[in-house]
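In the two complexes below, chain A is the common chain; its partner is chain B in one and chain C in the other.
Moving on to the complex of A and B:
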């Protein structure tokens, strides 16, 4: 049911060192949003696409569909930034409506373009991480970064339970469909709330059983798992360093010179 | 409503993260205490977190036909209380970011504040006030869930407006624009979320009294 979780187990980059992948994604992401440069955004998008589709082996059609997920948000909020309503017209365009103008300035439109490209580039960084790294590997990275143990423990348990509950929800959904539970809007609402309340009861039952079975196996507030060790790919690390040095140089140049149109 | 990855400037990301930290830490300490008292609470809390995630990942029947989801944290706050939901909400947001690509890593702080702190606290507050005023349970659940949802979306609009003030009219004009544009999807959603929350709480009170007592909901019942 969770496409991204399934895809990351199929990725060819799955066995690369997770800390390396995590650092690459986070640093690239940071350079993108700090510099806000359109050119850099496009390059980062291309590099991430190359890494995820060609190196990772995810179909490009699927990748495109995934990139389109935040589309509604992007269009609506960029519209809000580019379009202004004011009594005085601005320089890029102005459509008179009664006493007011629906208007925008060149600076505003450029800002909108910058924002769209930056946001999409950032999403591609996020996808690089989530499409090539399994959740268990991300937990091990979090452990390395000294996130409190209880927090990781809770995350680990929640991650396991998500699949149990999704499975239950899917089965209930199928049986509701087969009994015409979603034939019109009224029944759909009723079925949906029925599904969730049944799910809640099941979840609580399950948690009791799970606790008993974990206790029986000596659970003491910590699940100890063996971590898989992936060797650091030195060549990739070198290329990554170089790439980030270039991004750093461009970012510093943009910030120091105050260049806007790049 | 999630702010997407990369949409906020770095300063804002850090600032919203800093605002969220005290609440998350308070929630974390509370969870630690709950678990120290009763070890079984660990699995119950984890199930609660998974429940909130599943709740928010299922498509709800919507009028407009567009794909819409419940926030889930409102119902979570009514059932489990606001403080633990702030931590569970943060975890759920991390999973939503990584598994569903809703929200983002850099906007995690801002999203945590609007969806896991502001919304749930308002929901829990309204629910407590309605309970004191002896209001009908359905009405109070509806009000708490729907207003909590609306509040979440107002906070998101504030976050976007502060980051991107309008060229004509500044922050307030920008706030109005975001509010207006997102109202088209968010207002119907809040009403549906309210109705669904009422139906779920009603069903639970009929079928799941012992489970509700186990999580400390409805103590007098």
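Moving on to the complex of A and C:
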């Protein structure tokens, strides 16, 4: 989780206009989900990989590893759709086991593949956003889209304090380890509960200190900060529009014609 | 010439729990504009509590506090005014930095003071430049080193153009390189005419750097004076568990041995003492 956070600061697309990146990711994601097209999913995945690896500069090995995380989950969960156990064999395949068959229908298998590809393509869209955009920029996009301030401020504080609390938790953990706090299951459970309660108390203290220090700088109930201004990349915006028009056309075609196998 | 008093505390009382157990018990103090003042005293003596009363975070229970000739009040307008005059740099930067972006973090105080976006952007960029933050301004705050976070937390306060800057143990947990940078920044503030109050446990630093030393003990001002006077008060030092600065101790024993003349001004640092010795 923390490596993802580091990667976006190194991305070569970091200083591109965040609204553009956000719109690209969300619109592409929507088209994928609405059309459920396998072909479109594969194209979207390829485009996202190209953007993140070739344009963003993240190593392809790392990108592959990141994509494998949701892939494993997806394969396990689509298994239920693709594989049935029944007494009568279905049309796609059938493996006899005793009186029963491990079997699946063409429709079921296709549905599984469709689900898998669409979900992976959607994840790749979100990866594109989070691997190339800093959290701070995402907040400023949210502000632009008039997300309630309270919501953004909470996210801002949570994002900052995740790292501090993780750091504190790690330190407490190390100090417990060095005093044999995890020598067996019993002590490990006890140490962990101690860690959690210590963390809770620290978090309470921290929030008080933070409030004091923010008040000292004139905090009046609303977090006001400067926004970064990134120029709009017109060429990228144009290409993006074209890409989305194509996706839109394909989606409309699929929905109107009622095509399933695409 | 009349003294230009920027901060005046008279018989301050403050209680954290409104329960007659006071953390400040009748603290009185006067500080002149533009002075470098070191605050010393044990943990829990009331230094940090006092600092927080200075910009209205802790509301005093009894007593009178005037900043820049104006008595402190707690209306919204007065609070904004006082917080733009008195800036506090907290001891642990992680308790102060709330944003992941260095620029946004520094802009917070400036915007709260009512600067327009353009003014704030200009002020922030200037701070980033003068406090040598440029090399890491695009890094997220959680990826900065302790010393770099300290630089940002000082910029946070400096951007508001305060007249008094309070630094709560600024050198705590800093490596030598960043101690040098922070000291340089402190000197810069002094040159700008800012009154700088620093709490520290480092007697050698306090002795060499400060114009005045204030020793806080049990919620009161125990001693307030020139560094060499304060640090010559053996009885007081013992009471507060403070050591005498090494240079001063060395100088005194050399005087005692008759190696150095009694009427020399006590040296501020080792360099001056060495000069004295080389002249023997």
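Some points to look at:
Please note the rule applied: the second predicted complex is superposed on the first by the 242 of 262 C-alpha atoms of A that agree within 3 Å, B and C clash if a C-alpha of one lies under 4 Å from a C-alpha of the other, contacts with A are read in each partner's own complex, and residues count from 1 in each chain.
Heads up, the rule we're going with is that contacts are C-beta pairs under 8 Å (C-beta built on N, C-alpha and C of every residue); 3 or more make two chains touch, one makes a residue touch a chain.
The model shown is predicted, which means the values in this text are computed figures rather than measured ones.
Which of chain B and chain C touches more residues of chain A: that partner is B.
Within the superposed three-chain model, A:61 lies out of touch with both chain B and chain C [touch as defined at top]. When the two structures are aligned on the shared chain, A:146 is found in touch with neither chain B nor chain C. When the two complexes are overlaid on their common chain A, residue A:235 makes contact with neither chain B nor chain C.
When the two complexes are overlaid on their common chain A, residue A:210 makes contact with chain B and with chain C alike.
Once the two complexes are overlaid on the shared chain, A:159 sits against chain B and chain C alike.
Looking at the shared chain after the overlay, A:105 reaches chain B, while chain C stays out of its contact range. Contact with chain C, but none with chain B, is seen for A:134 once the two complexes are overlaid on the shared chain.
Looking at the shared chain after the overlay, A:122 reaches chain B, while chain C stays out of its contact range. In the superposition on chain A, chain A positions 5, 135, 157, 159, 164, 206, 210, 214 are in contact with chain B in one complex as well as with chain C in the other. The part of chain A that touches chain C in the complex is made up of residues 5-6, 9, 134-136, 156-157, 159-160, 163-164, 206, 209-210, 212-220, 223-228. On the chain B side of its complex with chain A, the touching residues are 1-10, 13, 28, 31-32, 35, 39-40, 42-51, 53-55, 57-58, 60-61, 63, 66, 87-88, 91-92, 94-95, 97-102, 104-106, 160, 164, 166-169, 173-174, 177-178, 181-182, 185, 192, 195-196, 199-200, 203-204, 207-208, 211, 214-215. Those residues of chain C whose C-beta lies close enough to touch chain A in the complex are 52, 55, 57, 76, 79-80, 83-84, 87-88, 90, 92, 94-101, 103-105, 107-109, 111-113, 117, 120-121, 124, 138-143, 156-157, 160. Of all the residues in chain A, the ones that touch chain B in their complex are 2, 4-5, 26, 29-30, 32-34, 66, 69-70, 72-74, 76-77, 79-81, 83-86, 88, 90, 103-105, 107-108, 111, 115, 118-123, 125-127, 129-130, 135, 138, 148, 150-151, 153-155, 157-159, 161-162, 164-166, 169, 182, 185, 188-190, 192-197, 199-201, 203-208, 210-211, 214, 221.
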